[in-house]
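Quick one: the structure is below, and I'll ask about it shortly.
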Amino acid sequence: MIIIMNSQATKADIEAIESRLADFGFKTHPIYGETKTVIGAVGDKRRLSMNQLLMMKGVENIVPIMKPYKLAGRELQKTQSVITVGNTEIGGNKLTVIAGPCAIESNEQFTEIAKRVKASGATILRGGAYKPRSSPYSFAGLEEEGLKIMRSAGDEVGLPICTEVLDTREVDMVASYADMLQIGARNMQNFKLLREVGKHKKPILLKRGLSSTIEEWLMAAEYIMSEGNENVILCERGIRTFEPSTRNTFDISAIPVTKELSHLPIIADPSHAAGIAKYVGSIAKGAVAAGADGVMIEVHNCPEKAMSDGEQSLTPDMFDELIREMKPIADAVGRVL
Amino acid sequence: MIIIMNSQATKADIEAIESRLADFGFKTHPIYGETKTVIGAVGDKRRLSMNQLLMMKGVENIVPIMKPYKLAGRELQKTQSVITVGNTEIGGNKLTVIAGPCAIESNEQFTEIAKRVKASGATILRGGAYKPRSSPYSFAGLEEEGLKIMRSAGDEVGLPICTEVLDTREVDMVASYADMLQIGARNMQNFKLLREVGKHKKPILLKRGLSSTIEEWLMAAEYIMSEGNENVILCERGIRTFEPSTRNTFDISAIPVTKELSHLPIIADPSHAAGIAKYVGSIAKGAVAAGADGVMIEVHNCPEKAMSDGEQSLTPDMFDELIREMKPIADAVGRVL
Amino acid sequence: MIIIMNSQATKADIEAIESRLADFGFKTHPIYGETKTVIGAVGDKRRLSMNQLLMMKGVENIVPIMKPYKLAGRELQKTQSVITVGNTEIGGNKLTVIAGPCAIESNEQFTEIAKRVKASGATILRGGAYKPRSSPYSFAGLEEEGLKIMRSAGDEVGLPICTEVLDTREVDMVASYADMLQIGARNMQNFKLLREVGKHKKPILLKRGLSSTIEEWLMAAEYIMSEGNENVILCERGIRTFEPSTRNTFDISAIPVTKELSHLPIIADPSHAAGIAKYVGSIAKGAVAAGADGVMIEVHNCPEKAMSDGEQSLTPDMFDELIREMKPIADAVGRVL
Amino acid sequence: MIIIMNSQATKADIEAIESRLADFGFKTHPIYGETKTVIGAVGDKRRLSMNQLLMMKGVENIVPIMKPYKLAGRELQKTQSVITVGNTEIGGNKLTVIAGPCAIESNEQFTEIAKRVKASGATILRGGAYKPRSSPYSFAGLEEEGLKIMRSAGDEVGLPICTEVLDTREVDMVASYADMLQIGARNMQNFKLLREVGKHKKPILLKRGLSSTIEEWLMAAEYIMSEGNENVILCERGIRTFEPSTRNTFDISAIPVTKELSHLPIIADPSHAAGIAKYVGSIAKGAVAAGADGVMIEVHNCPEKAMSDGEQSLTPDMFDELIREMKPIADAVGRVL
């Protein structure tokens, strides 16, 4: 790391820093500029708190050189991860298509949607049994009953299922039904929940937090991986900005940036990014062209009666058309759909 | 609510909306403009999903007229809430001063800080036993051992104690030690945790999420209150913006805005907003002048050896000086410090 | 428009609003809810300031129903605009490719780049003669000398040229050389400059401001159009967010949103959005797949010696490869490249 | 500066950087870590473009050590600047109070307001003769006629006047009437305009851009100062965030941050930050307590008929009350009001 001393720092201040760093096994290399001194320090940063160093007299700032995530980063694993989810894989040559309704509302509703999206080309089913809702008065999901419906429909159509888990107390139970667990955007820094899902082997779809930097997102992946579960899939779902015409702003750059920094696959969720059905297709196609490993699309057989997020759901017909439009784009970037 | 139809909406579309609204007991009042029609609808919105209406043919947008929070808002309770925490109150004439270290590190550390901040004028002690850290490799708190230290120090100096709870499984245990439970910024939309603390009667210090709107924040309060716990105190701790010179941007306007919209008290946390000790005092004084019911300040007896957030902690001497500077400002706005 | 009265509004307040609106020729339709009244008002909003109404007693908020832009919007012109720039068109079937260096540095540099990008498939040349630089000590462009170089190179290779204009005093001069004038992001709300370029007939490439909403952007287009110049092309170049890994966040949703709201063509500028050459290709391909009418790419024959923005410039070889990668994507969305 | 090499950088890459730096007179100090090398470089950065270095093979990132602003920073001038504006000073012991309407509408309107705010304690008059409006159809000011009204009212009540200039072509004319020129938020990076006002000696009130970092703001001040006009006063007026309840988010931290980084005075503009009159007072008092050198408040004698920004204007009575409330706070922070 590099310690930048301020212009008032004395020789004694610099020596105190060097001495502290030496105590922790660092080698130091001071560089004296005209008005400021900087100290290069080589050693294992995990043994020393940068915050403590920051508080020492004469220190202006500290610049880390190494990335704080190890397991999620490219340094220890150079090759792209391919993660098995039920009878399919994420991160390989085949484009992943996760589809289904926001909330599981009934066996009829979910099974019908499952059949339709499977027919169109979906490779994984999604659906919410536990729904995080911004109002305590909104429909919060069918809970375990929903999981049973989902499992049964998944088995019937032959697709793996993915669903969100909200509570540390429910991880075991949800994992007993689902093929992939989703950590939602609002829980991306619910560190207790991250640790808990890290104790399972089921793949984890980790949504980016509403205003999380890519580094914080990879650190959330690191939490899960550091508990032993390396099956993490990133999911970009838009970040919060000042622009009111969409629910969130889909950060398309996150696709090449995470591809560079991490070996983990990345899925695009244009439905939550846009928040409005008519914009979903453009974003989905853009994400595939930009190199995403897959997309996650909300589909509802009757959006105008959906109990949650109807305004961003495609009908099965719209979904079918979108898949057909995505095919030549997937082809253009060397993916199979 | 007001339903705005788009310029392609037909007479049949408008009638379909009116019929749907009538089914849910609404009275409708269409207003025909030159190119667009809007429909005013009077009734109980909780019975009907706006999202479903949004999906109906010809609808461009829907504008709610009533606020979505009831218990947290001013409509049902006009008077300012005053909430008892141990031997003190928040929201009344007396300015609340919550102080202590980011993390409880040892009995000696915490007790010394407790004595110092009590002597300077603190009214509540703070300290973290369970720490949400962005890296899985960072110190995460002393856990129950920390709670014991805190309880004992609080009893010794005669101040109530406030600490963060992170996990639904730990609420009962943490509540058995603390006088006030803190919900951190990263958990503001951890709805399961909100419901769980709502089942207790202990006051809840509810931090604003990193990128939460004031409406979402009041809806999080509503979650807690709807479970029966009306003892909610809001805490503004800065929001995420593009400005890199401070850790977050303290939203001073949130003080008058929440005072207008809600009867709940509001505390300012300048330490997490600034992220740098030298800026804490200015923000704290500004918040008191703007009408905050109190401040929460991180204080550490040796910031350069703090295990967490040292760079934003005041020393006991700096804290003492800040309290002295805040007194005439508190006085100027009619508060006792 | 809809005027929402607050819950304290009296009958007299409501009548005062209705009377004021009647003075301006509006017809009013009050709707009485249980706790609040809203007033629908039909008339020509341009004759009356909403801000003034907002200040009247008892008013809580006002919701406009019609869009504030008329010439830039879809209401008066349903068909997509196709704008002629020299020997090419923007907004039609053919994908526009604008390419060239950030700054014009010399005749040799610019002419070589012009030849290379033309050979790869560029349809318009770009280059800066007047550069807005964040430091007063940075290279600010060759000024008129640069325009002469650009004109001569454009004529030599047979491509129209596009360059930025910064100052009302220089519009005539820049317009005498260029085929298309660029209004940069920092000048998107330089209303005097917008009016000045609106008095010319040369097409205007209007970049979105760093933190401008889409509505503000379309209002900036409206400024130009209201002076008589309807040849406006929008250019999305990323917005400012909290994410530090890219210079800006490319708002891919802006493509379908502006397509819905406006008849004006939209060009994507992935170079300024990413700020880093290695991410440019993914964003460019994503933008084409999402429906952009074209892309603008910075290309430099020797990025490591570029006098401005070298870190985001592609080399001619990288540009050539990108064009080849974009072809099948353009084809997939029905565009010719 | 510090050059961080990536983990693939070869010995040859490092030598190429050192050689390039040596050509520009830098002394280099490589530090070899386990996986990455960093190179400290001491020399005059203005002679070398960091962007060019960034493009060299093997370079991951570059960290500047010195601030890019020299004249606006604390390095060359340690003492706080006090700037004379007509018969008053900004930056000294006396709190500056700038007040007046958003737009000058008539001689009667402006003179009445001028008398009222002078009686309450204002030290400088403000008013807009040239108004930047987001719609081309809105009232854009009385132009030179407005300046004459303003000058005459200022002379009558004995207060200096401050008004915005929008166009390089109008600087001389506006400067011939006004005692202080305002550069508005939308023009903070209109570099041609900054250079033009830098050629005058009249003090410049430089508003922070809607989404400008503090560093960019100080660089805008540097532009003005580098032309010879050192009389720059900063004005914080709120930044754009995701929060919709106020027009902008007042960044109170900008007060202590600019005080640390710069010797220039800073004025708070709570009217544009809040956008709503009822929140102005809290922010104004907070800003004074946080150390601002003054406030700028919009005052209108009849806000409900104001031609611009009525919703955020105080009446003269409200302004008078606010001044009385601010007095004890100014006193508490050692300021005279």
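Labels A, B, C and D are assigned to the chains in the order they are written; within every chain, residues are numbered from 1.
Going forward, a residue touches a chain if its C-beta (ideal position, glycine included) is under 8 Å from a C-beta of that chain, and two chains touch if they have at least 3 such contacts.
Just so it is clear, the model here is predicted, and its values are computed rather than measured.
The minimum number of touch steps separating chain A from chain D is 1.
Per-chain Cα centroids separate chain A from chain C by 31 Å.
Between the CA-based centres of chain A and chain B the separation comes to 26 Å, rounded to the whole angstrom.
Chain B and chain C have Cα centroids lying 38 Å from one another.
For chain D, the set of residues touching two or more other chains reads 211, 240-242, 244. In terms of which chains touch, the assembly is arranged so that all chains touch all other chains.
The part of chain A that touches chain B in the complex is made up of residues 46, 49, 51-56, 68, 132-137, 140, 166-169, 186-187, 189-192, 195, 209-211, 216, 219, 222-223, 226-227, 240, 277, 303-311.
Those residues of chain C whose C-beta lies close enough to touch chain B in the complex are 2, 4, 7, 29, 31-36, 38, 40, 42, 63, 65-66, 75, 240-242, 244.
Against chain D, in their complex, chain B makes its touches with residues 211, 213-215, 239, 241-246, 249-257, 260, 273-274, 278-279, 281-283, 285-291, 325, 328-329, 331-333.
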